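Each structure below is given as structure tokens.
Across the two complexes that follow, chain A remains constant while its partner is chain B and subsequently chain C.
And then the complex of A and B:
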């Protein structure tokens, strides 16, 4: 049996990776920090919760539906807000603030929906946990295996799509240089829509998985958005796969770090657990502002090895 | 291009510009720094705001169209900066340039373009960002050809290149006009090089076109040449009718 703290850490890190990937992806493709990503995660959680409540079965079979619904909402958000503001030449700051507004609207709708489920069907929709419905494999909870497996599948699928398909290469082209992409004949709006669709879908799946591990509530996504921003920046927004590294760094430090500190300093440090990602963020901004994925580890290793500047060939 | 007034937002850059480029013709757009040469190309390609006037291509109006629509209509643009996808391989760059083509067309066109630019053949799997300046510019021009355009717009293609590479590129540009019959609008700081190969020239100063006609007519005007092109010393020797 694996240490439960390690199980928790890997689960949390994998979920962070899946959740944040979409956030970084749309930031990279459209230059917008989408705060409403939080709401898309919560939508995924409520899709799975609603289906479980009415139709039963395993939560995992409703994940494709969570993917599609969150993805559709993300596309609506893009068309309604981002594309409209872009046409009006709004700044990225204005777009960011409007995604916050969209998130608040979604939060209100989700609260109304949770109230409706509670009042009409007597469901505990404002605080629900689906752990009991999870399976176990080798004595470990299904969410541990599922989150890790989903992360690996998403990474492999995205790697395949981005590197071996025409639309994937176009997506990369738009990420690196949208103006050149458009003058090459690529419809940048279509590729942006695709990136928002993928991003929203991943948020939905992550949201669908979360109640198997922590309590689902209307502010589920919003309670994690600060950590997601931290993961995204620490991992490196410029590197598509950096968020996975960021997710594991933040996840491991947050859970194992708090655990270690509580042994040394006592349980009083546990409430300060959310502070750890912020400390990592500050350190990352100071020492690796482009994210850990962009750090030149070879150079650092050479410096450590030789105790100074890398040796030059004469 | 008819009485074009354009700029960016509230900034008015170009004033009443008229320009025409036929097939198998090179039109040079020259002028001092900041005169609006790049804005002229950006206006044609929908990357600047058009306040008034019209731009027509093959009989149809293209102002108001999106860049990818203009590209699909048969106009290619080589921007001055970031003209290749540095993080994509040379082959991927060419594929993206021919995005609108189907698989067979793409393969055929790529073979055709590589026969014009054989220098790119050994680098197909290399990232474009690792190419030298000259190779990168060759790739950028090759990319403009991938869509089989009828009009190519080149924004300072010779900037920062070694003289030998410049000469090779100029030969390629002339070859495009003569062999493929495309129209070329060439924006170039190196006025001498540009005028040497052009059929027509347009001199833009402070957003206004102050000359439009044959290169030799432009060079006959001592005032224009001395004030804006800095070609005084060379003019008499090189630019005989």
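And then the complex of A and C:
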């Protein structure tokens, strides 16, 4: 049996990675930080909760539905707001604000929906946990295996798509120079639409998995959005595996780091666990502003090894 | 409504200075607002205990004996209002200083970042004080919060009128100062950097330093608003200082009113607060609905902002170009240069 703290740490880190994938992906491919990603995650959680409440069965079988519904909402967000603003040449800040406003709309709708479920069907829709419905494998909770598996699948799929397919090349071309990409025959709007669809879908799956580990509520995504941004910036958006690195760095430091600190400084440090992502963020901004995925480790190792700048070949 | 309007107006004017003039997307307004409120939660009670010589045994655990201590302090302030006002003024000064420190600390690692990265970083850093406040009980009583001495207790039944008047005066004072800043060379530097960093830098402007100044000044003003709000409600609790209320709503109000136009911000704030109060006022008319009406309010606000962003991104009132000299003088200069 694996140490429960380690299980918790890996699950948390994997979930952080899955949640942040979509955020980093859409930032990388369309240049927009989508605050409404929080709402898309919560939609995934409520899709699974609603299906469980009315039809029963395992929460995992409703993940495809969570993927589709969140992806559709993300596409609506893109078509209605982002694309319209893009046509009007709005700045990135304006687009950021528009995603915030859209998140507010989604937050309201989700709260109205949760109130409706609670008042009409007497469901505990404002605070629910689906842990009891989870399976166990090798004495470990299913969410541990599922989060790890989904992380690996998503990482491999996104890495493969971005680096080894024509669609990936088109997506990257649209980031670097949309005008040139458009001249080259790439339909910028369609590639962007695809990015938002994938990003929304990933958020939906992450949201569907979350109530198996933490309590689901209408502000589920919003309560985690700051940590997601930390993970995204710390890992770096330029490389898709940066999200995994960021997620694991933040997750491991937050849980194992706090445990280690509590041994040295006492249990009073444990409640300050949520501060750790912010501290890592500040350190990352000071020492690795492009994210840890972009750090030149070879150079650092050489400097450490030789105690100075690496020798240049003449 | 008047008090809330005044508080939000101060915060929104501060955001307008940072975002509208300097182009800094401060998504961490809540940090400075909370800083100001925490100052009010921590300082006046200790200061008043020392001044009024309150039982030191009670002071051994201020959080636990909070209600008792505050009621004794309030009785003393009723008898000596000047001391209450002095404590109020001193706390505001400290709150502004705290705001400047918080502005500097949050800006230091992030100020060189691109606008969207800066916004996201400030959003994440905005959470810091809330986490500390919830977990470090001696600061503001942990999750339960802490009662604050009522420095207006001497005004009796007319407390609400007096506080509202003070808050409106503070808001008008902030508007006056920020309008002066908006017409000053520093504002033109802010706008130059906002519109073209490279060109401003080529003209000898220290972009990082100027942006840092804007953020620090903005944080000082936000902290002042946070302190005034805490004195108004006589309570400070970390749960009362959320990102939605103290960062997202001010953003929406400023965008609604008009970026880079202080009077647009006044209008936007007024309409938002009036709408909010209207919904709260008619809340019971919607009692038949199977959900809390407050969500209709947020739904409406979010939708309005989306419509504004799409159809009128400059807000209700557009930014006006700043005139360095009266138009007649400018025309005279143009005429003279034409002759030469």
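Heads up, the rule we're going with is that the second predicted complex is superposed on the first by the 309 of 314 C-alpha atoms of A that agree within 3 Å, B and C clash if a C-alpha of one lies under 4 Å from a C-alpha of the other, contacts with A are read in each partner's own complex, and residues count from 1 in each chain.
In the analysis below, contacts are C-beta pairs under 8 Å (C-beta built on N, C-alpha and C of every residue); 3 or more make two chains touch, one makes a residue touch a chain.
Predicted model only: the values in this text are computed from it and were never measured.
The wider contact with chain A, measured as residues touched, comes from C rather than the other of chain B and chain C.
Of the two partner chains placed by superposition, only chain C is touched by A:278; chain B is not. In the superposition on chain A, contact of A:96 is made with chain C only, not with chain B. Once chain A of one complex is fitted onto chain A of the other, the partner contacts of A:57 are absent, as it touches neither chain B nor chain C.
Comparing the two interfaces of chain A, the one with chain B and the one with chain C have no residue in common. Interface residues of chain B facing chain A in the complex, by the touch rule stated above, are 9, 45, 47, 66-68, 70-72, 76-77, 79, 82-88, 92, 95-97, 99-100, 143, 147.
Looking at the complex, you find that chain A touches chain B at residues 89, 166, 169-170, 172-173, 176-177, 179-188. In the complex of the two chains, the chain A residues touching chain C come out as 33, 80-81, 84-85, 88, 90-94, 96-98, 100-105, 107-109, 111-112, 115-116, 119-120, 222, 225-227, 229-230, 232-233, 271-272, 274-275, 277-278, 281-282, 285-286, 289. Chain C contributes residues 19, 23, 25, 109-110, 112-113, 115-117, 119-121, 123-128, 131-132, 134-135, 243-244, 248, 251-252, 255, 290-292, 295-296, 298-299, 301-303, 305-306, 309-310, 313 to its touches with chain A in the complex.
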